[in-house]
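Common to both upcoming complexes is subunit A, partnered first by subunit B, then by subunit C.
Take a look at the complex of A and B:
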């Protein structure tokens, strides 16, 4: 009947062809340091930048030991010198258990929430709370289920369930409720099941390997598992890591169903946050929770304005604060929201709290090495000459532009059914796509034919900004 | 034997002893749980098949003794409580032993291993986060 059909329906297979976009820093696997924190020249996708990587390594160790919660780091350097790469390297080395949140400075400007709310949420996403779930379960392979139905057809059913592990076997008397849930889960001899002692909830883990040959025809979705070992009644402990922001969200959900739909929470009331903080601190006192200060990475930090900076200053002093890593490519420039100039566009009082790591431009050998790594990452093969010319392009224009040329040249190469990218392919895309310098040159030459031609003003404006 | 190999041997002995300790505790838990389950079976048999006024045959070592059912039930129940407590103690002790084994093998300590678990109510509150 209908119920049976629903049960036998093959689960929907979702096989969406994965179109993987390759991120600009997808090749970074860590900071590339040895056990003594000495940077290797080329390792884990990192090239050069030895001093900054070593500095990042020291900070990494401090984060791991939990020594520098509530401190901040600034990575400063020219565009394309590996600032984001270093931050990614730190994130990769922290491992999956330490929360890492990354955002770009401009991301916090939105109509849905205020700047400080966006920053608060980012801060709280970067703080993990480790908690433990403990349950008593009965886990075993079903040897036999015997259910006696009363002859009259009505009245209480009684039954017996025999469970075993590799070490023991025992018989349980079954009440009405257990019989119902066993038949609802369609449990039969040969299944490996767990029963939650507190709630009586039954879960099927799969079929025992020893019963694999019982039936010739079995659904493809049948999963085979080993007969459990050890005692029947076990204590199961699971450690979870959740972020403070996630706890905030479930506790502010009662305020509106909107949150459930969009996954977007809007603003979270400060009372909710205070309550959560109090609860989490109470758990920590009771030994029920561990707080893991993670890392919040703000790229392009010069995009923040004076309000945000003053918020950061205060937020860093909270005892539930992550390590803040910021990156900027600006020199002495105006602080947004003010008329004052300051190094990196960051107010002096905040700068004073920062550990500053500088990155410097890559030399020719390093540039070549990075391009080679990117080629491997994007699965593109280059001839020796093509590599040389690409390196030259990178040095004369920018590393980012050269990296862009890799995949475009590969397309051209594929079009002519080649397997290796030649110099000609690179020349072709170099002619097709302008780099920044040639683009400005072009604009200057043809400025009269552009709409809203205010080049001179524009250039003037640029100069005052930068 | 030169001092180096003696030190290695001593270290390996230490690891083996710690590992043996863990295994022995685990086996002990299994044995106690077997006994607990047998007791449970006996209790349900007493409940279903005998009335409290009857006398039942109880096996002590290699001898059967006739005993009042009510008294027997009480005895087994007390035994069960004792077993529950013992198993619990062994499990708690097992943690320290596993930690020690990890430590002398130079492995990192298990994360969150020594946390106290959240209560049922608290778990319910954060449940939607955990079932991901």
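Take a look at the complex of A and C:
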């Protein structure tokens, strides 16, 4: 019967193509430089800031070289001039094997661990160790794959997979996750696959030659491979990159490696770190491992205090130090934890070690370009006039505010069933949401009617701060 | 590995003994951090179980790997955490020695005896089981022979098949027999408590 068929219909496995959400800098895919490190005007999501991007390109080469440890870079500039974008651009250009750790200056202040421990961990997360390890893999040709879903539609699925080599055949029981990944990879009888036992990762090597006659089951670029020989289960050496911090955690007996998954790693004893440093150096000398200095990026670095800065000074001296990139939007301001003023709120002795890259405000053309890129990233279409008005808003208020208006205006547009964002949509959201200047203005005008009549002091306090 | 002989390694290892449940249990901790644990029957002096535990390259504690004896009961990882495991209908491989020979039993092999061929591969230092119906294949080494760096001899090998079980025997060489006897003599000299808790300084 039809009803029954509908009930037992196999649910489609959802294909998750895009796991990342659209973030403030998700459109950045690199620094947008050519081979001679010359910046292109618009490339890889980057616009303008030519001099700073070129400088960042030079630093990138230094990092890729991997020989220089303990260098530090400061990216300084007004809010919304692309400091974080440049750091992200560096991260994207480094590739997946170079560790990149990003944190905001305020993140290290926590009750769980001391400031210096948090910084140590951040430093060690940014140092990679490439090392060989043995893992067990299963490699064979799929004879049969059988997945039974309970008739009720709920409850665990039951799966069996039969694999063979030229010499043997084995039946495996499958867990739910394995069933899902097998269906996602569209594994079927005649495929030659490997399964990493530790991670459960499945790789399709191709189709078995014995199946070369099943024309219906293959696409244009189907690759044919031999059925594997010998035993199904093999030990294989794989090279992978782990961070020093991960090795620390694995070797902290009290915590155990399970702590890596819960995220609760706690403080790590200094003896453990020393032991591991010695071990890693030994591996390096024996040629067993390679050290990959990565990048530690500290945004809002003026939030650090004097203790952290003195820790940074010392940590940069170590030969196991990553390249440190910091960013700040502050001018001459107080160093936290002292009563001294200093440029960017960073002590002079640390400043002296830094290469400083300055970013400057975007001009009209660049602003328009950035807004256009953001519209593409957020899948929003703007009319020509709407673009012009949004650019004006960006120049008069701030780039961030204008970017916020893109998604809100798109929502307003969708509500009126439009496909393109018009000037009216922008006007509407501009009226709905205040920018920083209008908000301050509003506060000044209506301060008397607020609950606590301290706004005058508050605004005064704000002004002295900025 | 070859630098230090197995006998020396055994001698220098830190041993803890305990007599419990009719078995003599010995824990060895080697200089490189590897651990070995053995259990002997008190009456017959037969080796019931021998298992090893290594640390991974990065220092993580591994699981106990059984070299001789029944696979560890109790700890059966759930299918969902493992993702994939061999179905219980597959052949199971285990080693169970006698006094005079190393012996392996492969259960769940419902084929006639003439399907099987078992041979020594001296160059690869292993024994290979093949089936002419291409259902089962296994390549395994004899760790005891490897540890003592002795050659493999095809004359020492024999096999039988009965009750869906393939039994492979390999006659222990003289060197191994002497070593095992001496080791057992040493172990019997060790003062392990008869019953109950023993101060186990393994960690």
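The rule we apply is simple: the second predicted complex is superposed on the first by the 326 of 466 C-alpha atoms of A that agree within 3 Å, B and C clash if a C-alpha of one lies under 4 Å from a C-alpha of the other, contacts with A are read in each partner's own complex, and residues count from 1 in each chain.
Operating definition for what follows: contacts are C-beta pairs under 8 Å (C-beta built on N, C-alpha and C of every residue); 3 or more make two chains touch, one makes a residue touch a chain.
Since we're looking at a predicted model, the values are computed, not measured.
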item	value
Subunit B versus subunit C as contact partner of A:161, first or second or both or neither	second
Touched partner set for A:365, first subunit B, second subunit C, both or neither	neither
Partner chain in contact with A:239 - subunit B first, subunit C second, else both or neither	first
Which superposed partner A:286 touches (first subunit B, second subunit C, both, neither)	first
First (subunit B), second (subunit C), both or neither touched by A:130	first
Touched partner set for A:438, first subunit B, second subunit C, both or neither	neither
Which of subunit B and subunit C A:97 touches, first, second, both or neither	first
Contacts of A:170 with subunit B and subunit C, given as first, second, both or neither	both
Subunit B and subunit C footprints on subunit A, overlapping residues	131-134, 167-168, 170-173, 230-231, 242, 246-247, 250
In the complex, subunit A residues that touch subunit C	131-134, 138, 160-161, 164-178, 195, 197, 200, 230-231, 242, 246-247, 250-251, 253, 256-257, 276, 279
Complex contact set, residues of subunit C against subunit A	56-61, 78-87, 89-90, 130-131, 134-139, 203
Subunit B to subunit A touching residues, read off their complex	26, 29-30, 32-34, 36-38, 40-41, 44, 48, 91, 111-118, 120, 122-123, 125-126, 128-130
Touch list for subunit A against partner subunit B, complex	97, 130-134, 167-168, 170-173, 198, 230-233, 235, 237-242, 246-247, 250, 283, 286-290
